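As written, the chain order gives the labels A, B and C, with residue 1 at the start of each chain.
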Amino acid sequence: MTNQFSVKRGQSGVGFALTWSGIALLVMVAISLPFWGESSWLHDFVEIGCHFIFALMWNLLAGYGGMVSIGQQAFLGLGAYTMLSLGNFYDFNPFWAIPLSGLVAALVSVPVSKVAFRLQGGYFAIGTWVIAEVFRLTLANIPAVGGGSGTTLTALRGIDKFTRESTTYWIALLCVVGSLALVYFFLRSKRGLALLAIRDNEVAAESQGIAVGRMKLAVYAVAAFGAGIAGALYFVGNLRISPDAAFSVNWTAFAIFMVVIGGTGTLEGPLVGTLIFWLLSKSFSDYGSWYLLGLGLLAIVTTIYFKQGLWGYVQQRWGWALFPTQRRIEFHDQPH
Amino acid sequence: MTTPILSTQALKAFYGDAQALFGIDFELAESEVVAIIGANGAGKSTFLKALTGLVKASPNEVRWRGQAIGGQSAHEIVRLGLALVPEGRRLFPSLSVEENLLLGAQAQRSGPWNLARVQALFPILKEKRHLPATSLSGGQQQMVAIGRALMSNPEVLLCDELSLGLAPIVIREIYQALPQICAEGMGVVIVEQDVSLAQKISTRLYCFQEGRVTLQGPSAALTRDQISQAYFGI
Amino acid sequence: MDILIQGILLGSLYALFALGLSLMFGVMRLTNTAHGDFIILGAFGALGAMACGLSPWLSALLVLPMAWLVGYGLQKTVLNQTLGKDPVPSLVVTFGISIVIQNALLEIFSADPRSIDSGGLNTLSLNLGGDLSVGVLPVLILGLALCATLFLQWLFSSTAMGRAFRAVSDDPEIAALMGLNSKTVYAQATGLAFLLVALAGVLQGMRTTVSPADGPMLLLFSFEAVIMGGMGSFWGTLAGGLLLGMTQQLGFRWDPGWGIWCGHVVFLTLLVLKPQGLFPKTK
């Protein structure tokens, strides 16, 4: 007595087409920004874009991979310092160094995972923080890159401000769109489904033939790759680097905030969260500690009372989905 | 009967969206021994969990001496005098045999049962009292579980599949203790897979099938055919 | 030799930091990311009381029961809601609490490092014969760490409360059948943990300076002590703390910039070689 059925992904029809044309328009406007926008807007976008990429990667690791890490900043800082070293010591073009830094971070994440994966759950989270601290302290003790007080990126000295800023901006735009696309298509693929299975029940997933260990490592490496790129990109925009800035736990704190407010385990969540975070920081960052205190309280309240975050709430209430990754079963013999 | 000590009216139970019990009517008089039989998945364990507060029920669905207790938390219900020997024993691995028993007295109800008396009922528990509870054999663990429930001096004892996974000779040893348990007038509800055993030890019997009561009556009077029909639903 | 003694004395304070973390994780599998910040909060609590005119020792004494209440209340109202299979809620909430505490302290007390006036206790020293002399305060801390470990060990193995902690940690559902309200038991555990945390904070404030941003580092030290020592064992936590203290002291002597780094690296190495720690509780 088997019903005929097919597996459908996401919405279909007019809503879908409208959403995607709206996005395409937005992207085209964004590309043209350097020609009519102010320099500070470009800089802001690069900064918030890096935070967003980092948050997206944290969400991939935690919300989808089930691994909550408070130490992803290790790879962000590593990517940043890789870019800096290539630029300052080998005259390597920092723009080209960005993807390379991501690669280096991903490669380093493999031996790091051998240590980190010894721990689970809450202890895994803190363990990754320890590792990040080791990275930070190591670099703070290397005089060649400025030790504790940091140094400046000299490799871009020869380029004029407009070219430098707009190239940085376009690369940031590319990275943001690229990382969104990467994660979106990954989650829609069979591997994405496998990841969700692992998140829900590791033992059951293993019994279904999913190589849990390899998947977790793959996700960890991809997240490190994204973090490395974000780090390199950020300090190309910033030009000044220091261990405290590159390896600050605030990167993770903000990422957690953005993801939790927006909604863990969804793709739109970090987008919504980043937007809210950016708006809040624009309006309230003058208030210093009070602003941060408010962020902390907001994160606590959202976690307890709005478990799915703002976007998750909206998704449940009205069924919206910008980047649909859910799968529905449609039975052929039922009228609909 | 006069107000039963324990009763349910149209008891429903859910695990998330899945319904496990579809309106169970049940009564237990003081000092009575009632058996519940049924196939796996019939809802017997769920029923005991609903009685003890581990599964949510509506207030009027479960009554203790006529008072609505449905929906109360487990740690409150045990203080009324209702104790459960859970399916699969569920002893505390971090505690020794004696500590498991002592924990049973946490509800601090007065009555005839104490550590010495439980150890007299099952002497092996005294012998192995300092060992980790989960290092004992299946039958011995079952004794610990029963003793632990007795330590709360209940007026009604619920037993969920005492014989699960045990050899016949061990099952016999455990059920031999039943008369001593009931000596002071404790009511007992026994969920049992073994139908003839259930009939032998109880005065009344209920049969569950897919979350409903399909048969009830005096244990001695029910025939093989009646039970088979009710058990399998054919 | 002197390094070893200094290491042991430093390590005993780390052990005191870590016992509260070990307790909370043992009973309810909760990782309190704000653990270090609560230690600092304890120190600032005493400072606050002193600012109101109380003597240092009276302030310290007052902070302890207050800490118990804060822990009990926090667990009952906020943390109990984060418990469950998913580690994310408890991590995010405690992380949020960490940020709230750090910034609140920053606003109230400013970023300046302060210390608690112990009435000269931190300058007194004991002569152990020959060239060896140790501070009285560090020896007191060692004594307190030993007492705390003994107390927790005794509590868990020989008292009804300890049995309740272990039962609720094993199987909260069946513990409820015994009459234990797991929510209340968790709150009692957190209250006790916070008591230890406040004590450790006050001692830290006496031994050296404290500032609002110190919390995270103390969290990492506590965590390393617990893991290195082996989970589920209070003596293990003590041993882990001592090991960490000794490692850091050795690192400091080698090169002041690498002291803490050494501690981290030894921890990570031990994690790879012996992930269950030095003295894991055998189940």
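FYI, a contact is a pair of C-beta atoms (placed from the backbone, for glycine too) under 8 Å apart; a residue touches a chain by one contact, two chains touch by 3 or more.
Just so it is clear, the structure is predicted and the values come from calculations on it, not from any experiment.
Colleague: Can you tell me which chain is nearest the middle of the complex, judged by mean CA position?
Modeller: Going by the distance between chain centres and the overall C-alpha centre, it is C.
Colleague: Based on mean C-alpha positions, I'd like to know which chain lies farthest from chain A.
Modeller: For chain A, the chain whose C-alpha mean is farthest off is B.
Colleague: Could you see whether B-C or A-C has the larger number of C-beta contact pairs?
Modeller: The greater number of contacts lies at A-C.
Colleague: On a C-alpha centroid basis, what's the spacing between chain A and chain B, in Å?
Modeller: 53
Colleague: For chain B versus chain C, what separation do you get between their C-alpha means, in angstrom?
Modeller: The computed centroid separation for chain B versus chain C comes out at 44 Å.
Colleague: Taking each chain's centre as the mean position of its Cα atoms, how many Å separate chain A from chain C?
Modeller: 33
Colleague: Okay, in this complex, where on chain C does chain B touch?
Modeller: Its residues touching chain B are 160, 163-164, 166-167, 169-171, 173-181, 283.
Colleague: Name, in rising order, each residue of chain A that touches chain C in their complex.
Modeller: That would be residues 62-63, 68, 70, 114-115, 118-119, 121-123, 125-127, 129-131, 133-134, 137-138, 140-141, 249, 253, 256, 260, 264, 289-290, 292-293, 295-297, 299-300, 303-304, 307 of chain A.
Colleague: Which of the residues in chain C end up touching chain A in this complex?
Modeller: Against chain A, chain C makes touches at 25, 29-31, 33, 78, 81-82, 87-93, 95-100, 103-104, 106-107, 216, 219-220, 223-224, 227, 257-258, 260-261, 264-265, 267-268, 271-272, 275.
Colleague: In their shared complex, at which residues does chain B touch chain C?
Modeller: 52-54, 73-75, 78-79, 83-84, 86, 90, 92-95, 99, 102-104, 106-108, 148, 152
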